Amino acid sequence: MDAILLQILNGLDKGSAYALIALGLTLIFGTLGVVNFAHGALFMLGAFCAVSLQKLMSVSKITIDPSQLDFLGKPLKVKTPYVVEWFGPKFGNAIIDWNVPLAIIVAIPVMLLVGYVMERGLIKHFYKRPHADQILVTFGLAIVIQELVKANFGANPIPTPAPDQFVGSYNVGALIGLDASYPYWRLIYFAFSATIISSVFAFLRFTTFGMVVRAGMADRETVGLLGINIDRRFTIMFGIAAAVAGLAGVMYTPINSPNYHMGMDFLVLSFVVVVVGGMGSLPGAVLAGFLLGVLESFASMNEVKGFFEMLYLPSIDQIIIYLVAIIVLLTRPRGLMGKAGVMEE
Amino acid sequence: MKTISKADMRTLFFVAIIALFAPLILNPFPTESGWAQFNAGYPDLMQRFAIYGILAIGFNILFGLTGYLSFGHAAFLGVGSYSAVWMFKLLSMNIIPALILSVIVAGLFSLLIGFISLRRSGIYFSILTLAFAQMSFALAYSVLTPLTNGETGLQITLNDPRIFAAENISGNLPVTSLFGMEMRDTWTMQLGAWDFQFNIGYYICAIFLLLAFYISIRIFRSPFGMMLRAIKTNQTRLNYTGINTRPYTLAAFVISGMYAGLAGGLMASMDPLAGAERMQWTASGEIVLMTILGGTGTLLGPVMGAGFIKYFENIFSKINDTVLHGWFSWMPDGLENVIVWILHLFTGKGWHLTLGIMFMMIVIFLPGGLMEGISRIGKWWKRRNVKNDNTSHNSSTPAQ
Amino acid sequence: MSKFTRRGLIKTGATVGAGLAMPTFITSPLAAYTNAPTGGSVTLGFNVPQSGPYADEGADELRAYKLAVEHLNGGGDGGMMNTFSSKSLTGNGILGKKVEYVTGDTQTKSDAARASAKSMIEKDNAVMITGGSSSGVAIAVQGLCQEAGVIFMAGLTHSNDTTGKDKKANGFRHFFNGYMSAAALAPVLEARYGKDRNAYHLTADYTWGWTQQESIAAATEAKGWNTVNNVLTPLATTDFSSYVAPVLNSGADILVLNHYGGNMINSLTSAVQFGLRDKIVNGKNFEIVVPLYSRLMARGAGENVKGIFGSTNWHWSLSDEGSKAFVKSFGTKYGFPPSQAAHTTYVQTLLYADACERSGTFNPCGVSEALEGFKFDGMGNGPTEYRAEDHQCFKDVLVVKGKENPTSEFDVLEVVEITPRGQVEYPADHPMFAGGALGKCNPGA
Amino acid sequence: MGILKVQNVNKSFGGLKALHNVNLDIEEGKIHAIIGPNGAGKSTLLNCFVGKLTPDTGTVMFDGHSLLGIKPHQINQLGVSRVFQTPEIFSELSVWENTLIPCFAKRDGAFTLNALSRVSDNKDMAEKAEQMLIDVDLIDKKDMLASSMSRGDKRRLEMAMCLSQKPKLLLLDEPTAGMARADTESTIELLKSIQKKLKITMAIIEHDMSVVFSLAQKISVLAQGTVIVEDVPEKIKGHPKVKEAYLGEAQV
């Protein structure tokens, strides 16, 4: 039971990342009708907001310490971050340590801006173009973003740890009489995702802005005819979707060190999630994200792997996501909660 | 009986001429000059142009005509390659049985995947094909290693049975051949400062490319092709016209799968190795990009798109800083360094960046892909000529 | 390398005409082997990952290659040429020919790597190919070089298969392998963690992972350890939490991560996050082992590597003369210490050049003969031998652990023990390396 | 003898009864109109004809075959063609190809892998298509892209496509909906002339009574899921039940 609880938590955690990215993809797709292959790159950009902030905060004053030698036998250049210089070692180091949470504050305006620029500068011109063209141009953009990040930060993963306060784990299992400790940061990641997801839903449901956008998703022309500037709202939606992806990226950095191709790693998977959830359905995307996350976690359990091996399906964890996708799409023509007529042609 | 129209015959002839003289056309710069970096006329790249051309032509029959976007086409390429290498391991190094098997296996595999995936349309179809291809890749990389040799890729070894081959006493790995003609045989023609390489393997690939192109023309112009295009524009009407669309799409899927199998087989014939990465989604994505880049639904576009991407991959990735310094060494030092620093972002390890920018440029400025670029140039040329004619008329009138 | 010269024009005067050369892979009418250099220069092909996850490692390899070329051509301070036991290299290029090079991108894909290598052979007339950052690529390119008739000096490749079942006569590996890692690590692990240990393996699900796991399990079991479980993880895994979580209750007290690169960083990060290192199981501290370390990569795991044991081919903190000379010239040129990948590729280039000098030819068969059984020293790994039977280098192996108090961003690992060569050697027909044939050297033409 | 026979068809969605004991008999060679106010069940009935919906009870027989639960292309193969409310044509193909496709479909059936012959080699098909285009007066637009035509022309093209297959029954779903007065009239004239020339049985589903009076030889009036009256146009005109059905709607 402990093991199962742990895997459910793992699954929810993985699912959080999937769901956040898929949610943004669906928002963009549902509002603008654009297939955005650069969405993974936005996720990655978010993560690199945290990395950049870390770099920024570790900009250092260099003092030469003749008592220590560097690898070439020259006096060692000791680096003291200016932040530490200014705020003193205790507070300064604490700021550096809290880099990831601080990065959230940075990432929101940055990602909104990135989204805004991307939509106005590029995506706008592709509303009426075929999906194939949208794929090509956004894929090109993804490559460009990715390569620029690589040119700046290198290809290796860059460690961006969580604040010390969140190191360690919490016995979640104890709450229900089991024994299952789970890392703090992963719990926070899940809680954070849940908050973001519910905020997006609440925003769409309870604000006038959201209402108009939802109406626009259902019937763009009519809403346009009502004299509402739906375009501007859609631009804002694009910004929000970018911010959601970016925040998912920022919060993900302590879980896995970010690197320049992490967006591509998630891209295909998040498309699978969106489609399994059903095109154009926001709840579908979230549901599918968590579902696939949990199934993936279960599939990696030794017992499950062993069971499938008896059925001559070794390494079920290699293919589980795709297998589930196939089964879902064959039994439910439009995914879990898809709408008829959306991208079926 | 005439099988293709005059215009198509001209296109085919044009392609044939290009293919025949590719070793000359693609090597415009003298071997020792700095620009030789841009020469593409060496066997491996020319073979790749032809092979990826075949692949893209086949993909275009499915995507360009029916509009069904398969995101898993690389799986058929991979399966074709594996089949071919297995034939080299088991039977002999002759490429004919290898190619036959790769086309058949890829055909059967695409029949299976197509039969299931074509139950859905649009993006649901795309994701189904993607899922199958990714499953194939994951399994080929790990569990199926006895069959695929996993990470390393399937290679021929000295210990292979090769039951129809003469005993190998040289201690060297045998090479692929067509009834004794070795694929790697190359005649180098030295003409002044130029070295031109005529490679048997390339010409075999080129012949298959022409054949593939010819068949694709026939399909485009046939009632079958017309039905496929009708599927793309209106399935409802086609159904109420008495057409069962499923077998049509399945046939197109299998045909394009067989093209991919042929391409995979040829790839293994030119270089007897089949790697699992050939089946990864990035490889499938590359096929899609080639087709869109060149011009979806056009006859020649996909081949050009394939050439374009492969050129960047193979030529731009090799331009390193030293080469750049070589080119700009005539500049003052400071300026040279600045120029090299800027350019090195786009070449060598930055070749992906150039590719990404090119993708965006082309799709922004040439919505119909490279083919649209060509037709625009053609129109501009015509207009210019017309104008020239007029001006010459005008200039001659006063004299009269 | 390439320059706007007027040579092209001058050559036109001496037109050879449309003479058809012999049908060969690539020809020069007089040559007895592929790409025999004709002019005053010789071209080497440096085929390294420049895109994809190992791009940084590739970039470091490339730096080392450039340095080696500089030294061979008489530039710089000569680096390890001064400490190398063989003194045939004089800074006058190779066999009097100036060394030039071309570079390519393997993308860490066997297909792309072969395409790139082929273009070097066919277009740029490279007479030797070297580089790479994964075993799949190394084996694929090694096969190609065997067919084409050029020498392949492997870069970073750790799988037993490279000089095991996939060994080739034209291919040479300086880097160590899974077996040697295991043989070096096992005694150290035994000494630190005791005999009675239960190990849980997480293994990357492809050839390299399997061979390493097999080697480590065999070596540790010989020391009395028990292998509780071996779980294969898909290559594409980014979040290892679901593989790490079951370790907690498996009864194991050691976790062995047979992962490399991004996989290693992510699995190690997950394992530390789940608090494995703070656990006490069976009355012992829970420990994690990463059999193959790469300093470049280990940096990506940040604090998590501290105190974790592993093995590495070479480390810049070594104090022998060779290493010191190399670190000095590399560090002076680039401002930071070289990685093990850089070391291997640098050494491979010098070894190749030296073999050419000693045999007096670029002919792969001559070079191969000069390298087979070649014993040398002064290259940073102590006395080393290129074994004739399988073209594997035998030398000391470093056991390292993550440094607790690093003084700089490069100071990630500290050398715990230098396992002497004798301890990691194995017979050429060892079962883990069986199944292949070296074949004969192939000069191409 | 009727070519399309609908007997005792019932269909309900949840609690709502959409069709209630519908009986129809469409005679060969005649134009039969089915009219009724909005929500009378016309579309539901049509969907039962073309296999999109299966009635809860009852039968729909065409020329001795049941039309229930079979696919659109099979229905077409039996000899039924359909004209849609908004013209369904191959908008990205040329007018010429639009007319050719039904000809090939008629000759080659539901699926033929006719991949290597040339379209232009099939002279007989070309003749047929050309004749059709002449009949509907579109021959001078044959090289145009179908999507670039006016709505009226699209309608004629669709009609031509259906007729080129020489169907035994032509189903028309509000063929003049959304058309300008002039287009409506020309469409009516077109239908009349086709009827005269080809003697094809037509079933017209129509909301607007005025369209069908001059056209139909027989009219069934559908209201609230049942056929309330069935007669020749002259008699329908002043029929109290019809008035009631339509006026009722008007009052709402």
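General observations
Order as written gives the chain letters A, B, C and D; numbering starts at 1 within each chain.
We take it that a contact is a pair of C-beta atoms (placed from the backbone, for glycine too) under 8 Å apart; a residue touches a chain by one contact, two chains touch by 3 or more.
The shown structure was predicted, so the numbers you read here are calculated from the model rather than taken from an experiment.
When chain centres are defined as mean Cα coordinates, D lies farthest from subunit A.
Between the chain pairs B-C and A-B, more C-beta pairs are in contact across B-C.
Chain B has the Cα centre that lies closest to the mean of all protein Cα atoms in view. Subunit B and subunit C have CA centres that are 33 Å apart.
Measuring from the averaged C-alpha position of subunit A to that of subunit C gives a distance of 35 Å.
One finds 74 Å separating the Cα centroids of subunit C and subunit D.
Counting partner chains per residue, subunit D shows two or more touched chains at no residue at all. Touching of two or more other chains is recorded for residues 51, 55, 59, 205, 232, 234, 236 of subunit C. Annotation for subunit A: residues touching 2 or more other chains are 315, 318. Of all possible chain pairs, the ones that touch are A-B, A-C, B-C, B-D. Residues 63, 67, 69, 116, 119-124, 127-128, 130-132, 134-135, 138-139, 142-143, 235, 281-282, 285, 288-289, 292-293, 296, 345, 350, 352-353, 355-360, 362-364, 367 of subunit B touch subunit A in their complex.
Residues 30-34, 36-37, 39, 42-45, 48, 138, 141-143, 145, 149-153, 155, 157-159, 170-173, 175, 182, 184-193, 197, 271, 273, 275, 277-278, 313-314, 317-318, 320, 322-323, 326-327, 329-330, 348-349, 351-352 of subunit B are the ones that touch subunit C when the two sit in their complex.
Those residues of subunit C that touch subunit A in the shared complex are 51-57, 59, 205, 229, 231-234, 236, 238-239, 241-243, 245-246, 248-249, 262, 265-266, 269-270, 273-275, 278, 296-297, 299-304, 316-317, 327-328, 331-332, 337, 407-408, 410.
Those residues of subunit A lying in contact with subunit B across their complex are 35, 122, 125, 129, 131-133, 135-137, 139-144, 146-148, 151, 264, 268, 271-272, 275-276, 279, 314-315, 318-319, 321-323, 325-326, 329-330, 333-335, 343-345.
Residues of subunit A that touch subunit C in their complex: 2-3, 6-7, 10-11, 13-14, 17, 68, 70-72, 76, 150, 154-161, 168-169, 181, 183, 185-186, 255-257, 259, 261-262, 265-266, 296-297, 300-302, 305, 315, 317-318.
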